[in-house]
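Down below are the structures I want you to see.
One chain, subunit A, appears in both complexes that follow, with subunit B as partner in the first and subunit C in the second.
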Partner chain A sequence: MSSAESGVRQNETALARQAFTEQLKLLSLSFPALLLVGFIVLIPMGWLFWLSFLDADGFTLAHYERLLHPSYGLTLRTTFELAFLVTAVCVVLGYPLAYIAAQMSPRAARIVLLCVLFPFWTSLLVRTYAWLVLLQRRGQLNTWLQDWGLTDAPLRLVHNFTGTAIGMVHIMLPFMILPLYAAMKSIDENYMRAAANLGASPVQAFWQIHVPLSLPGLGAGVMVVFVLSLGFYVTPALLGGGRVMMWAMQIERSLAVYSDWGAASALGVVLLVITLAMLWLFSRLTGAVNAAAGGR
Partner chain B sequence: MLRRPATSTQITHLQRLWLYILCGLVLFYLVVPTLLVIPMSFSGSRFLSFPPETWSLRWYRAYFDSVEWRAATSVSLQAAAWTTVVATVTGTLAAYGLHCSRLKITKHLSVLLVLPMIIPVILLAVGVFMLFAPLQLNSSLTGLVLSHSALAIPLVLITVTAGMRNFDLNQEQVARSLGASRPRAFVTVTLPQIRNSVLSAALLSFVVSLDEVVIALLIAGGDMATLPRRMFLALRDEIDPTIASISTILILLSILLLGLSQLLDRKRSK
Partner chain C sequence: MTSGPLRSDGMGGAAALPITISNIRKNYGSFRALDNVSLDIRSGEFLTLLGPSGSGKTTLLMVLSGFVRPDSGSVRFAEREVVLLPPHKRDIGMVFQNYALFPHMTVAGNLAYPLKLRHVHRAEIEARVEKALDLVQLGGLGARGVDELSGGQRQRVALARAVIFEPRILLMDEPLSALDKNLREQMQLEVRRLHDRLGMTTVYVTHDQREALTMSDRIAVLDKGRIQQVDPPQALYERPKTHFVADFIGESFSLPVTVNDGGATLFDQALHLPRKIAGSEPYFLVLRPEKLTLLPNSVDGEAGVNVIKGQVRQSVFHGDSVMIYVAVRDAHEIALRIPLRGNVVLPQPGEHVRLGYGIEDTIVVPAAEQAGGER
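Let's look at the complex of A and B:
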């Protein structure tokens, strides 16, 4: 009797062990990818962190102290200003488009989404180049503006803040529209019908029912656009013409021009911390929004 | 038509005509400026305008005659092809393993694998540059492929995991109870059913690598200069009209890839 019991127990432990090794084997399938990401991303990030506290004599905070210089403050301000502006414009342009697309027939919505996906799949450089050509002093836009008598002299549209913002909104807009569209598509039409039935004006129904229900999508879009904008390099470097100094450009410059590893790594750590802090903040906020929406 | 209600809150199409106009303008802004490059690339003069005053293939000849541009294109295509292989294989394996395994740690591992998408590219570029210097991987195809694969793995993971969610894992259990080994069950039962997600993921990895500028800017010097790197440098110094012809080719390529991905998507949803 007892030997049979212990036999059963032995069987059970053997089975459990087998199940566990099976799970481990499955898990090990992810090791090549983890190894690659660990090697390319984690080790260098750790090293960067380490370097930012190091100089010839050992531990130091000098690299961070230097960041207190006003010129870095200006860069940080430009970076945040541009990120805020780009995010705000993306919301203003993206929300209506996602709203209309979500109400269209599947076929029409498909065409609209293709138009949104097209820039997504087109090379970033190609799009930036297009803006460079269109916006330059003797470019197409200035020619048209003057032909139509809207301006007398060519406007400065590129190699400045304006040009950078125009190009960056173009790059970021799909990141805003796609999550918004997904969120709006999942809103039950009956809520709006019920609101109208209960006497809400269309404007009231929109602001009190549709907007709150679309907030998760809006939150996701805002988060992605804002965080991507903070670390953006290519478009500001080309369309800013050296007049718009973003944090990412400061990092590249301290390496390429001054070969200053200490400064570059300190700048990098600051960017990383800001990015992660923003992500944390947004996920807290959208979590709160989700909870509030669920409580309704 | 315009007076008919557009929504269940009885707003008519006429009342929200402004909304349609705004949306039209936004779509115009998204699509047209990029497409204008295509006719401009056939311009005969150094100064590109729309419509071109004279038509010629001058800038296409400039591209195909240039050894540097051709070499850069070849490097980019090689890097993109290898990245597609590495990222799709490792990413799909990881997506399968993490999806099927019931250990608690999988959640954290997925977050780790998505990190390359969250960390600003400039930081990855600086880090990779530093890491590759002692290993002499800077200005090498291996270095490019490794770093581009790290960028592409999150996208593969997300795309394939989404595909796995629509697949009933019991089918694989059935195959195994009938005597197939796990690898065999995966290849003959699971893989054919998530095929379209895997192919979409492969397309995405290809595009990610082909489009990547910042890492290439730091690590791909000399013979290993990629197409985006050369384009970036050419754009920063002066606007070389040859870029218009390259851009046109890239736009046509992206339209082709977008069409393919849509086709895969449609098949997947069927």
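Let's look at the complex of A and C:
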């Protein structure tokens, strides 16, 4: 290279300015969304946080002290039990369905996914009331069970933990199936062929190759369903019949019955912190699983 | 059953199985993927299935591996009928086109997988994984993740995984197609050496005729679901039986000839032929550029050679040689390759030339493919 070429820097500032304005234009596209998130998420949440430490006399920790009462512990336990149960049932029901859909032709898979998404088109309230009709004492399900001689007396399927779990599983299932389906769809069919070729029976290939490769989708599904279940309100309120007290219902009661914004805010903050802690724990856990499976 | 370490001697005979494929048919709707294919693959042989895409070569390999169920036909490994056997019970190695290395396992994990499935003792697994890594020159990389490897390294791992359980048949589905040219040529030699060392029967699928010529003991050329010809590389190149084979293998240019009474005529000029031709349908004369020689213009008739006249159109430089494109009777084009050694006088565009080719190099093949698999 000649010394003349290496010494000259042509158009340097103009090119740098062009790069900068291009980035600025790209950034400006995301500006409305950033603004929205700032205004309707971050600011109200900060305000909530602020309220939870205030009462008529100014700064206080009384709202949090009240949460130490055993009734709140019980609510927390119910909330977690229900979230765990709903998540587990969603995995057991969702995994096979996602698996079958992923094996189907694209056309058939589209129809299956449409059916999975179908409940989203009706209102949450309608779906929940529909379960109430189906599951109640003289509802369709109990009528059938007795007609077929499977039970002698009507089962208590609603206004309790069971009914709440059934309704929530129904609503949460799509959130489990969709990420699972996406993950399974990205698994190259040659992996399963290679496993078979190396001597793995279909069952071995499923557990040793397919399941580990679908873990990212499973993780995403579990996380979404669990977190959404922790904060669920409508379905437990209707199908639980007042017997299933969820954390979100405590918040509602603080506001509607006692008009206590401070207490409601404290409850909200605690739920948020617990949820974030769960997310952190979960990401650590899946990271550990991946490391153990892959050794990297 | 073998359980010892990978063989390092040259004795492969006892470790290989012959494959007998007979009357395999497979249709996808109205598309005939395999049209009554029969093929005997010898024990310990390196046989390549060669053909363009859609010729049925991959489908045939998938029938051997058990991933495609044929409509009818039989596949036997030695005397054993396997056409109804599921893939995981066939005990044959396979290298996939995209390698299909398990991304959630390390290199060593991938290699150990088939051994674990066979309940090999843990200490022995470790020893055999190490040995297999050495075999493909990847010693010490066992702990790496699959995504940390280069394309060539992945290729080697796939190869090692396919042979670590010492299958007596190895199938390879275009294993080198993802590699760049230099690496591909190097791996061709390595794969062949591995085959010679381990001695199993190898069935290799490719659409690259050069690769097939380089690696194979025999090549089966497929087109439209049928086997066109099965022969060693040299025989296939020098004595193609159909126009398709002549066209697909190596460089060639075709001129139409008329055939009667076992002789052939090219543009009113009788050809000297190595042997008589049966039949009377349209035929082609196939000319390979490197078999043609430039004849001096002075001499007329020449004993022992066929002569063709034409006018130079264009010459193209290839580094070690020059391709001269020659127009024959305006409507046709042929080419000859002149190696660049010493002082070569090259004909210039527009110049009239006479080209000669030996009688043994005079390839005359039927224009249309004959019905039924030519064997």
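To be clear about the criterion, the second predicted complex is superposed on the first by the 245 of 296 C-alpha atoms of A that agree within 3 Å, B and C clash if a C-alpha of one lies under 4 Å from a C-alpha of the other, contacts with A are read in each partner's own complex, and residues count from 1 in each chain.
Everything below uses one rule, namely that a contact is a pair of C-beta atoms (placed from the backbone, for glycine too) under 8 Å apart; a residue touches a chain by one contact, two chains touch by 3 or more.
Everything numeric here is computed off the predicted structure, so don't read it as measured data.
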Overlay on subunit A: subunit C relative to subunit B, clash or fit: fit
Winner by number of subunit A residues touched, once subunit B and subunit C are compared: B
First (subunit B), second (subunit C), both or neither touched by A:D188: second
Contacts of A:F118 with subunit B and subunit C, given as first, second, both or neither: first
Subunit B versus subunit C as contact partner of A:L178, first or second or both or neither: neither
Which superposed partner A:L198 touches (first subunit B, second subunit C, both, neither): second
First (subunit B), second (subunit C), both or neither touched by A:L213: second
A:I100 touches, of subunit B and subunit C: first, second, both or neither? first
Contacts of A:A165 with subunit B and subunit C, given as first, second, both or neither: neither
Which of subunit B and subunit C A:S28 touches, first, second, both or neither: first
Which superposed partner A:L76 touches (first subunit B, second subunit C, both, neither): neither
Smallest separation of CA atoms, subunit C relative to subunit B, angstrom: 5
Contact residues common to both interfaces of subunit A (with subunit B and with subunit C): 193, 195-196, 200-202, 205
Sites on subunit B touched by subunit A in the complex: 6-11, 19-20, 22-23, 26-27, 29-31, 33-34, 36-37, 40, 47-50, 86, 89-91, 93-94, 96-98, 100-103, 105-106, 109, 112-113, 115-116, 118-124, 126-131, 146-147, 149-150, 153, 157, 207, 210-211, 213-214, 217-218, 228, 231-232, 235-236, 239, 243-244, 247, 250-251, 254-255, 257-258, 261-262
Touch list for subunit A against partner subunit B, complex: 23-24, 26-30, 32-34, 36-45, 47-48, 51, 93-94, 96-97, 99-101, 103, 112, 114-119, 121-134, 136, 138, 140, 143, 170, 173-174, 189, 192-193, 195-196, 200-202, 205-206, 227, 230-231, 233-234, 237-238, 248, 251-252, 255, 261, 264-265, 268, 271-272, 275-276, 279
Residue numbers on subunit C that touch subunit A, as the complex places them: 65-67, 86-88, 90-94, 96-98, 100-106, 109, 113-114, 117-118, 143-145, 148, 161, 165
Subunit A residues within the subunit C interface of the complex: 188, 190-191, 193-202, 204-205, 208-209, 212-213, 215, 290, 293-296
